[in-house]
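Presented below is the structure to which this report refers.
For reference, chains read A, B, C and D in written order, and residue numbers begin at 1 within each chain.
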Amino acid sequence: MPKSKLFAGFAEAVAGIPDGSTIAFGGFAGPGTPFNLIRALLAQGARNLTCVSNTTGGAHQPRMPDIGMLVENGQVRKVVCSFTAATRPTDVLPFARFLEAGQVEAELVPQGTLAERLRAAGSGIPAFYTPTGVGTEIAEGRETRNFNGREHLLEHALPVDYALLRACQADEAGNLRYRLAQRNFNPVMAMAARTVLVEVEEELLPAGAMDPDAVHTPGIFVHRLVRIPPPPDGLWPARRLERAR
Amino acid sequence: MPKSKLFAGFAEAVAGIPDGSTIAFGGFAGPGTPFNLIRALLAQGARNLTCVSNTTGGAHQPRMPDIGMLVENGQVRKVVCSFTAATRPTDVLPFARFLEAGQVEAELVPQGTLAERLRAAGSGIPAFYTPTGVGTEIAEGRETRNFNGREHLLEHALPVDYALLRACQADEAGNLRYRLAQRNFNPVMAMAARTVLVEVEEELLPAGAMDPDAVHTPGIFVHRLVRIPPPPDGLWPARRLERAR
Amino acid sequence: MSGTETKGWSRQQMADRLAAEFEDGWIVNLGVGIPTLCSNTDTGDRDVVFHSENGVIGYGPVLPEGQEDLHLVNAGGQNVSLRPGAAIVHHADSFAVIRSGRIDATVMGAYEAASNGDFANWKVAVNAKGGGIGGAMDLAACARRVFLLLEHTTRRGAPRLVRRCALPVTARRVVTLVATNYGLFKPEGEGFRVLELAPGLTLDEARAATGAPLAA
Amino acid sequence: MSGTETKGWSRQQMADRLAAEFEDGWIVNLGVGIPTLCSNTDTGDRDVVFHSENGVIGYGPVLPEGQEDLHLVNAGGQNVSLRPGAAIVHHADSFAVIRSGRIDATVMGAYEAASNGDFANWKVAVNAKGGGIGGAMDLAACARRVFLLLEHTTRRGAPRLVRRCALPVTARRVVTLVATNYGLFKPEGEGFRVLELAPGLTLDEARAATGAPLAA
């Protein structure tokens, strides 16, 4: 039998992540974000990382572990996100001053293109065309092609070395279920990654206890599971508040 | 409120399908095949159809309504399938003599490319690249491109006018659940189609009775539902037997 | 912006006015900010499905404090409710819904709306480093109708409805309708048509606050 | 082909021999025909996940008559069982698993296996109209290892192991191992290496029935 996918703790799960890795982080506006794995990665200290995520975090209070903290901790070379700045001129994300100071690179990608580039990487599709972004600044100098009378941008797959995810349920085979808006990027990031780490909210189910029709991410994509302990040891989402402006 | 998606019968559901339509048919080796809707389409008589499906059917006994029968009935101009002939030299599919006589066109597509072209159509992706088929007869004269040191074929989205599907469960909003191997092509065909017709095995659930996390095809993709009556009025899968050779 | 300075409609009134355009059976995506107020609007006997880019299909009003489900948020991160018939998909499938043209209307905030149909909502200044695209470019390029909800002027009184965007655009020639605190407007090339003015506002006042011709 | 004419291994023995190559933790796709027999093989304490292109991940042996679940079939249309930890995905996701290189070994039938690593299994004759590709081209192009299971010769005694395919190929330079009723063979460019001969067969007999050099 292959060794168990269940790891004793978050530190053990992230221990082997080397400097220079490309890591995708699940989550959208809270749900599905691997807060505990990010905290462990902050402590583990891997550097020169490329971080793929919807945002760099920090837009809401209470602040939870996020990509911005990895940047502040000097661990990040580049981020690939659909938000690299706040959308309100009056907001300044913690990440912004590092970007403005040139201490971190940023690749800004439309959210649907980001999701599809991850899915493409997980699907053996090296590139695809999308109408998104045509005629905008992000299309400048880029390859376009006309299909059905409409310009489209060529977009490339975005493979990652690791995906750090959060799920509601897992079984011993690594099958995952997400609850409601927790799903978001997590399934496509699992597909895009060579190694998938998941923090899990509920007790691990024995293999065979999860309905095969109800699985959201098949266990063949999943490598390391960690059960999230109750608070205060484990990080759990709190009610989100807008940041003070 | 929009009018109900539940139709009284199969004839009512297929009544408006015009000549010249492109129709995708769900199913793989039995499960998920819309036998009742195909039978209704045979009676309805729409002609000059383009049929998209994994196979043309007829490889097993007892024979159920299939694309081959639509061909025999003079309703089909072209099929797009991953099998247009049997894989055993000793087998001859009912469809084959129409193909050999030039009475129907056939576009032979690798199965993964077929599934992905349908998903692309349902995802606003006009074209993508795949390594499948490079160096084979199906790549002859086709556009290729090198990514990461490997040749890939350019493949185009395959949109369809209608999808005829079979599901296990549906609710009033049109949300669908498939059971086990019944899922196969059905979700991506629902995505690829402008109008989606579904024959449903179980009693229709009220809106709100299906767990949103358990939905396989969201109701926004689904237009017409028909409950399958018990046999002999409704067609249900029988145990499959190999065809006599 | 505090409510007391605002002329014309309140934010909820702007959202309600735009929501009155939603037709029975539409699938509507609501963006971050003012647009999320549309899911609080009573659409009466019109059945409208609200889609959020994080894969929530069929959500309803924001839930009051203490009743939130922390696993359920809309595009703005607000804890919303689900309506009967809701379904959840992952992010790639959610944008498949968007790019395949199944969103009947997308409602977004904007910094600038141009009469030629361009609009800008992802970069706060031409030379700003970084930006916040989110799902806006996908939605703008692919939704059947692009509805914008924004304050009619900046805090300094500069018009947000203009002939041509000064900021980097989100998409070109896509805007269908624009609702502001001043009223409801339709871009028509070189200017906007006034479909409705908020109570208490005159056409001259609206013209003075608009950077493009306004036709009554 | 009736069992009585067959030299060497039976079909189940061929499948068992190839299944002995599966390693602990592998994900293995089994094609139509002889390959499906591999899911009947006892792999002992090696945990092997069987994948079928219709989206069934983690299936087990074919179920006896009367115990079938008619909603559950493998790639060959046989009613199989599920192993604990199984998961179902749709067809596009199933081929995402395949194209992304997650299949450790694909086991397929073939008409011809060439020593240069090409093989042919989708068209019964060069000039045949139509063909049966199924998932074979995706699997052949993308699986980490391509294992073939076929009778060593045609019914007329012509070799199926050859230097170059005469039939249209399914993929080029991909074959890892070939198991036939004669034994287990590895393509090595201009010929095959014999890894094992079925009991009762001599190297000379195998050479006589093979269309490419055989190295012991």
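In the analysis below, a contact is a pair of C-beta atoms (placed from the backbone, for glycine too) under 8 Å apart; a residue touches a chain by one contact, two chains touch by 3 or more.
From a predicted model like this one, the values you see are computed outputs, not experimental measurements.
Counting hops only between chains that touch, subunit A reaches subunit B in a minimum of 1. A count of contacting C-beta pairs for B-D and for A-D identifies B-D as the more extensively joined pair. With chains reduced to the mean position of their C-alpha atoms, the one farthest from subunit B is C.
Spacing of subunit A relative to subunit C, judged by their CA centroids, is 27 angstrom. With centres defined as mean CA coordinates, subunit D is found 38 Å away from subunit A. Chain centres here are Cα averages; for subunit C and subunit D they lie 56 Å apart. For subunit C, the set of residues touching two or more other chains reads 82, 88-89, 92, 95, 98-99, 142.
Counting partner chains per residue, subunit A shows two or more touched chains at residues 116, 119, 123-125, 130-131, 179-180, 183, 212-213, 216.
Contacts between chains form some other arrangement here, matching none of path, ring, star or all-to-all. Listed by chain label, the pairs that touch are A-B, A-C, A-D, B-C, B-D. Subunit B contributes residues 28-31, 54, 59-60, 82-89, 96, 99-100, 106, 108-113, 115-116, 118-119, 130-138, 168, 179-188, 216, 237-240 to its touches with subunit D in the complex.
Taken together, the subunit B residues at the contact with subunit A in this complex read 116, 120, 123-131, 145, 147-148, 150, 152, 156, 177-180, 183, 212-214, 216. On subunit D, the positions that touch subunit A within their shared complex are 24-25, 27, 45, 47, 49, 51, 57-58, 82, 84-89, 92, 95-102, 142. By the touch criterion given at the top, residues 32-33, 52-56, 65, 68-73, 75-77, 79, 82, 88-92, 94-95, 98-99, 109, 121-125, 128-138, 141-142, 168-172 of subunit C touch subunit A in their complex.
Note for the complex: subunit B touches subunit C at residues 1-2, 119, 121-125, 171-175, 191, 206-208, 212-213, 215, 218-221.
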